[in-house]
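Sharing a structure, written as structure tokens. Questions coming.
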Amino acid sequence: MIGLSHYLIVSALIFSIGLMGVLRRRNLLMLFFATEVMLNAVNIAFAAISHYYNDLTGQMFAFFIIAIAASEVAVGLGLLIVLYKKYGSLDLDDLASMKG
Amino acid sequence: MYEAVAFYLFSVLTIGLFLITVMSKNVLYAMTSLAAGMILISGFFFILGADFLGVVQLIVYVGAIMALYSFAMMFFDATRDIKEKNTNPALVFLLGGLSALVLVLMFAAPIHSEAIQALYPMHEGVGNAQDVGIVLFTKYLVPFELAAVMLLVAMIAGIILAGKKMDQSLTEDMSADDEILIQKDEK
Amino acid sequence: MDNILSVLVFFPAIAGLLGFVVNKDSARAYGITVAAIEFFLSLWLWLSFDSSNAGMQFVELIPLIPDMGIGYYVGVDGISLFIILMATLMTLIGMMSMTITKNIKNMIITLLFLEMTMIGVFVALDAIIFYLFWELSLVPMLYIIGAWGGPLRVYASVKFFLYTFTGSLIMLVGMLFMAYVYHNLTGVWSFAITDWYSLVLPVNYQLWLFAAFFFGFAIKVPMFPFHTWLPYAHGQAPTIGSVILAAVLLKMGTYGFVRFSLPMFPDASVMMITPIAILAIIMIIYTAMVAYAQKDIKQVIAYSSVSHMGIIMLGIFAMNAEGISGSVFQMLSHGIVSGALFMLVGVIYDRRHTKLMSEFGGLASVMPKYAVIFGIMLMASVGLPLTIGFVGEFLVLLGFYQVSPIMTILAGTSIIIGAIYMLAVYKKTFFGPVTNEANKTLKDLDSKETWSLIPLVLIVIWLGVYPKPVLEPIDNSVKAMVSFMHEKAITQEAKDMIKVAKTDKGGF
Amino acid sequence: MLQPINVSLESLNLITLAPMLIVIAGALIILILDLINNKLHKSLYVMLTLLILFVDFGAVLGLNVNERGFFDVMLIDGISIISQLMIIVGSMIFIPLALTSRRFHEYSYPEFFALFLFMIAGFQFMVTSDNLILIFVGIETASLALYTLIALHNRSNSYEAAVKYFTMGALAAAFYAMGSAVIYGLTGSIELYKVAEVMATRINETGLMIAIFGSSVLLLVAFSFKLSLFPFHTWAPDVYEGASAPLAGFMSVVPKIAAFVVSIRIFGMYIDLGVEWVRIIILVMAVLTMTLANIMALVQEDVKRMLAYSSISHAGFIMAALALDTTEGTTAIFLYYALFMFTNLGAFSMLWISRHKNRRFDARYDHPYEKFAGFIQIMPVGAVIMGLFMLSLAGVPPFSVFWGKIYVMQAAVNAGYVWLAIVMGLNSAIAAYYYLKLIVYMFLMDPVKDVDTIYYNLSKPLMAVIGLATLATVTAIFYVQPLISYLYYMISASGY
Amino acid sequence: MMENLVYIALFAPFAGSLFSALFGMSPKQTFVGIVASSLLFISFAASATLAYHVYSTGAAVHVTMMEWISAGDLTIPFGFLVDQVSVTMMTVVTLVSTVVHIYSIGYMDHDKSFNRFFSYLSAFVFSMMILVMSDNFAGLFIGWEGVGVCSWLLIGFWYHKADQPREENPSISPSWAANEAFIVNRIADLGMLVGLFIIYWNVGSLQYDVVFAAVPELSGSVLNAAALALFIGAMGKSAQFPLHTWLTDAMEGPTPVSALIHAATMVTAGVFLVIRANPIFSATPEVSFFIAALGTFVALFAASMALVNRDLKRIIAFSTLSQLGYMFAAAGLGAYWIALFHLAAHAFFKALLFLGAGNVMHAMDGELDIFKMGGLKKAMNWTYIYMGVASLALAGIPVFAGFFSKDAIIETAFNEGTYVLWAILVLTAGMTAFYSFRQVFLTFHGKARYDESTLHPHEMYKFVLIAMSPLALLAVIAGFFMGGFQTFVTKLLPDYVMSDHTHHLIWVLTAVVLVFAVGGIWLAYKKYANGLKRDEELENSFIYKLLANQYYIPQFYEEFITKPYAMLSEHMWKDVDMKIVDATVDGIAKFLYKSGDGTRKMQTGNLSNYLNWMALGSVLLLVVAAISAMLS
């Protein structure tokens, strides 16, 4: 029988993969992918917990997470567009005019 | 049994696909594997009986979000391989590994408790969509409405950020009075 | 006029605000007039002061933040009365003798605000109000040093500000803790000093609180080894800044010890006598030696200030009325004398734009009046009897002798080494042939300078010959305080150490 | 089969939702107005926004303490009311800053004002709920709007700032979601009052501690990001630099108040549950934050960036009060922000009036210290006011921030954390240096450039705002008492 | 009536000083000198009247003017006590002062700071009067310090003279000498202050009568400490070894100053203190003996240096030192009245000697080297007589004042059984006679050794010579009043009479002393009366050089005290204060600033780094959480 922990561990692993992505990615678009991965990992956790508690709240949360992810993408891409227009690049290394 | 097979299959595939997403140098591969991974995640949802969520996952993530990303990819002309200077991979793996370790340890704990009563229980013999709908439109009506506002915000944001008006910046434009000042400075 | 203290505190501030309107050509006259009125108000305060009453007088109390126990609470006793008088007097005289022409209006306004804060510190009976004025006094001083000072003015002013600020923040924690303890014991929030007096604290609390307050006060005094801001501040400050700084601002530290540390933590104070006395003696001897090595007259006087403040510190911890009264008197004396000395240095600085002793020599031949007044102040500074400097120093040493003869002898060397550096300055500057061409045509004191210095000379002699009008109220309050401390002390050692005067009339 | 659901309107307690509805409606009105006529001047929108905020303020003021509404999703307790009031007041100070004498890009969008109002609504939702979902959606609504507002300043710096903020925000959101998931897993609930109940029963179960700690850490990461605590503060200086000065000032106050309210609810819960570990870790982070931000602020060359670091440091200061978890500590948070708000916004407004479109003093910075050299000679009143703000920020009495500071320190002392009070004191001393640096430039140095250029952006509304901020800064001593009693009453009424 | 006289005696000099000070910055006004002198004469007259009053009634006059310092339990009034001791001092001081004042009118004739000089001089007398008249130790201390300051002012009167190396001028410059005098006195004053503190904390008062009444109740150690501390004060003012160097350097001052301050009055203040506080010293025999021993030593020590000195004024200064040693020897041995008597007698002839030296100096245009004089007898007959008389008195030749007083001291030493002291004192008497007459002969006898073509020595003004005559007269006759004096002062002071044994030997003792004195004179006559014959061998001998260089003590002080002090000060400032204390403070600030520079590097501006920080932070927190969860 697959227990809750199985799902949660998968979720944890995916979350860490997402975190690694965030750490190593230098391209903003790819970085956004990584954050999506992380959010998806959380969704698995919510759905699993929801299932095992027989409670709908987790699904609600996951539902809202999806909504949030969608909005974030919209805004994020909007930002990427203005940024790209200005810098002509999405590389984080080109994006370091403010420091100190 | 069938659940176990599905779970392990999905798990391995998802993890693999997301690893590609994170590791691949090619945007296209990364995006495709991301989309595929998300589809598989909806599979998890279906296994877990969250049918509605699975559908939403498919529509919103795989449909809408991935579509947005593909448009963006085209806009940014990011089909070629992306050169990324890698930050110290050891650090990346160390941090990723450590976080995985701790999270796994955390989730390996006996989080589940039989004693906990569901506040919004699923009902026997009622479709998931119905159940979700009732909770969503009663208890979570306010968040739902706020989510609508949030989406509106996102929409407005997307529109104005990508709009033409942003091309010319008033903030950095030197209007007439600025020029006067510059002349003064030169004197 | 029961609210004379509020008038005294806020009159200069309001005048300062209105001063923004005054035309800058008339700013000087305005400033002097305001300072004169303020001085006469403070004289009036003295006249209406009841010398036989050792307690607080002219008390005003307006709750400001009752939830925290903070209120506008002011009053004077014999200890603070004369410091206030000195503050108003030195402000007046400083303004009269001021030779600054650059941004004179800003200077006048700043000085008036500074006057408010100075008086505020000495009348405050609420710790937070005390702290408020204490901190606020840094700001005008920062501006005065920084805007009108010498080449290193910015460094000096910032150092002054930050150093003092750091110390006082630790003191603030002490105050907060004190209020907390008071709350714990009485259930009431209060920052009123008089309320805190009534608190009998366990010795370890006293020690910690003493330490916290010590940092605030010691840096201000400034005690060794926290003194290094002072030479810079004095060295760079314009004359008026040095005058006020030496005369009044330094006294805040020693006043703080008398007002807070002693009556609130008698046991801790007694326990700390030896360490503090050692520091004080180091201050006295070490800085006097450093003063001797200086090339710049003003630096000599700056270091001598530290040395004299050491005497004051020593007297405060004599734990008898002789020493503490002497200390308070010495605060006045040091204020007047070092203020005058700084003004005197300012005089030649105005003429020659240098303060290096090597630039001078034989000034006594060229500027006899100047030499005479400098000589009088020098003698007062080295504590010649019948000048103001003797009374305090004598009483302090006398008082501390009871605590430790050896340390008194060490501290007493100040009368020797004090003479050494002061006489060296005088010899290098005033004696010998006039070797520098530039000095041959120096003008003696003009009437403005003379008339601002003469009152100080008169005070120096008057209070040296007949200190009673000043010493008596001080002594009454101090005696009452000492017997209060004796009552309050919980350890037997402290009770033994704190010597109640037989002639105490009580009433603290 | 499911039963039909009967919901009585009264049980919904619609009034709890009224303030947000007003703001959202107002935003929609602005959008519609723009649709009808797109030639309308920004002043109209500014005034409309102000009015809407004013109505909002009234609506919040009219709320009763300790009510719930909408299936208990909405929670109107004392801290939600006071935080909403402070959010609105902060916004009301911020909005008139749009009325500069020069045109700036963001204000040419009516959407700017709509987004702003949506953001306020988001903040209000954040603070009026103990439901993690609503909090999350509120956070995101507000954040997304805020990212946009930053980017709308329309310079390369501001995009960069927005992107940085956005990306890190997305990461923080993931952590928040993960933390919520763990909490949900632990308690089967995401409503904090329920979470607290269940957690209290499970706290002694073996093997759970790691999950409880873990959940707190995940949430802490998310809120440390919002509150810019070390080492999650890295976005803050860049974002402040990239954003326009008023927005930077706004960001250093209003979003943080909202985030603090949520933090109080969440971490207060943990501490109340006896998870002492959370308190310790918060204290450590708070101390690190105030210290490191302070020493980094020391070496800044730009006033705005310096103020950014100083805001971080102040946040650390206040975070320490949160860790105390006493009524006084909580009161201190709000008191501090209430007092800090005026001063800080005032200081940023002063930067705003001196803002030029081209960087005349430095290739990178808009407000390098040199710009303010000899300010006293150019604009004496401005210099004095800016000096007052700096002194206030440095904690010189009797200016406003001082009272916040001693209240925080007193709270720390009362809670038995004397060492914390001393650390706070020493930090204030370090901080004094960089505030002083500006004062030194303004008062003690001579101007480096033409003298008539500095108050370039000045206008009457800005003067009014600055005047108000000055008044509030200087007269703090007179209103601190009512403020404290009100805050204390509200906070103790809601049980914190 | 008597009270008024007290005030007149006290304040007349003060009035004179203030009056002169009014004209302090104007050019010379002769009337200033006249007014000041007249006021001093008034003071003298008042003192003399008081003396008569005290003599005739035997009762002291005690007045309290007002309260001075009152703090805690301490109350110090301005109180004045005119009793047998103080009235003696008052009379001597005012008498000598009056003479010196008048003398100065002539002597300072050409000085542009004439008025200032009188102001200082009268101020000195005022201080001295306070010193002797005060009825308490604190008042004495006022005068004590006051005379110190006036001495400083007067030694440094010619402040405009430049510093010279010690080889050219052993006292470097007037201003240097003034400072030296002041500082050395201050060292001793500290001892004095400590004495006051001891007395106050053990008695509770500083009034003489209270203190002396309490002496029997005090423990021996307290008394010893008090006596020693007070004597340290006395050592400074009376220039006892090792605080003696300032006195010879003080000769940089104008000669009337040397006469008044550094011979007749101020330097005897130490002796006066011991006499005044005789109840304390009587109760402490060990300290008293130490005083006597030190006095005897100084008598010999100073006389030895005078033997070879070539400076007219310095010789007299050494002789003053030596005589002060005598006085201390007497006081230390308990013969207070003899000490006081020698003090008075010494004041007369020593002042006379100095004033005579002043005449010589005046005539020689400031030249002081007796090797460059000679044969002045012709030109300056009166001066010759005066100095001769004074020298005879100093040498202790019978009939003259010094014979009686000094002889009594020597007898006392014998009487006390301290034969070593006696022997030394006798030897010193011989040396005294030798150097006094060496100086007289070298100055007045023989041939002129100065350039007669440029220098024409002439006698002093008549009025000056007349003014000096009272001193000369007293130098001759003062000894005859010894008996009367004894009965007068022993009403207050403990009487001291020789034991029968000494009484029997008195003629022998006197003869021994006389042999030495006459022998000294004879030796001086043989060697110097017929001109100077330099003895190169002797002058190059070690002893001679040692003596001529004052045992190298000034050099020692300079090398081992003055210079190290200056060096140490310099180190304290530059190395300790700047490099340690201040550098620590700045170091903390710099450290903070540096660490700011270091920390800001984490703010790279690169989002990737920021994300790394964030992840690092969160993972770290997670790990810490996990570890602490496992631990708990």
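As written, the chains take the letters A, B, C, D and E, and residue 1 is the first residue of each chain.
As a convention for this text, a contact is a pair of C-beta atoms (placed from the backbone, for glycine too) under 8 Å apart; a residue touches a chain by one contact, two chains touch by 3 or more.
Note that the coordinates shown come from a computational prediction; the quantities given were computed from them, not determined experimentally.
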{"item": "Given chain A and chain B, the chains that contact each of them", "value": "D, E"}
{"item": "Chain closest to the middle [Cα centroid of all protein chains]", "value": "C"}
{"item": "Centroid comparison with chain D (C-alpha atoms), farthest chain", "value": "E"}
{"item": "From chain A, the most remote chain by mean C-alpha position", "value": "E"}
{"item": "Chain pair, C-E or B-E, that carries the greater number of C-beta contacts", "value": "C-E"}
{"item": "Geometric centre distance via CA averages, chain D-chain C, whole Å", "value": "44"}
{"item": "Centre distance in Å when chain B and chain D are each reduced to the mean of their C-alpha atoms", "value": "27"}
{"item": "Approximate Å spacing (C-alpha centroids) for the pair chain D, chain E", "value": "78"}
{"item": "Distance from the mean Cα position of chain D to that of chain A, given in whole angstrom", "value": "25"}
{"item": "Multi-partner residues of chain B (each touching 2 or more other chains)", "value": "87, 91, 95, 99, 102-103, 105-107, 111-112, 116, 118-119, 131, 139-140, 143, 147, 150, 153-154, 157, 160-161, 166"}
{"item": "Of all residues in chain D, the ones touching two or more other chains", "value": "133, 137, 140, 144, 147-148, 151, 154, 163-164, 167, 171, 178, 182, 185, 188-189, 210, 214, 237-238, 299-300, 433"}
{"item": "Multi-chain contact residues (two or more partners), chain E", "value": "589, 600, 603, 605, 607-609, 611-612, 615-616, 618, 622, 625-626"}
{"item": "Pairs of chains in contact (touch as defined earlier), listed by label", "value": "A-B, A-D, A-E, B-D, B-E, C-D, C-E, D-E"}
{"item": "Touch list for chain E against partner chain B, complex", "value": "608-609, 612, 615-616, 618-619, 622-623, 625-626"}
{"item": "Complex contact set, residues of chain D against chain E", "value": "163-164, 167-168, 171-172, 175, 209-210, 212-214, 216-218, 220-221, 224-225, 230-232, 234-235, 237-238, 277, 281, 292, 295-300, 430, 433"}
{"item": "Chain C-touching residues of chain E, taken from the complex the two chains share", "value": "24-25, 66-74, 138, 141-142, 145-146, 149, 156, 159-163, 173, 175-176, 179, 182-183, 186-187, 189-190, 193-194, 196-198, 200-201, 565-566, 568-570, 572-574, 576-577, 581-582, 584-585, 589"}
{"item": "Partner chain D, residues of chain E touching it in the complex", "value": "589, 592-593, 595-597, 599-600, 602-603, 605, 607, 609-611, 613-618, 621-622, 624-626, 628-630, 632"}
{"item": "Of chain D, residues touching chain B in the complex", "value": "1-2, 5, 7, 17, 24, 31, 70-71, 73-74, 102-106, 108-109, 111, 114-115, 118-119, 121-122, 125, 131, 133-134, 137-138, 140-141, 144-145, 147-148, 151-155, 158, 178, 182, 185-189, 191, 194, 198, 201-202, 205, 207-208, 210-211, 214, 244, 356-358, 360, 449-450, 452-453, 456"}
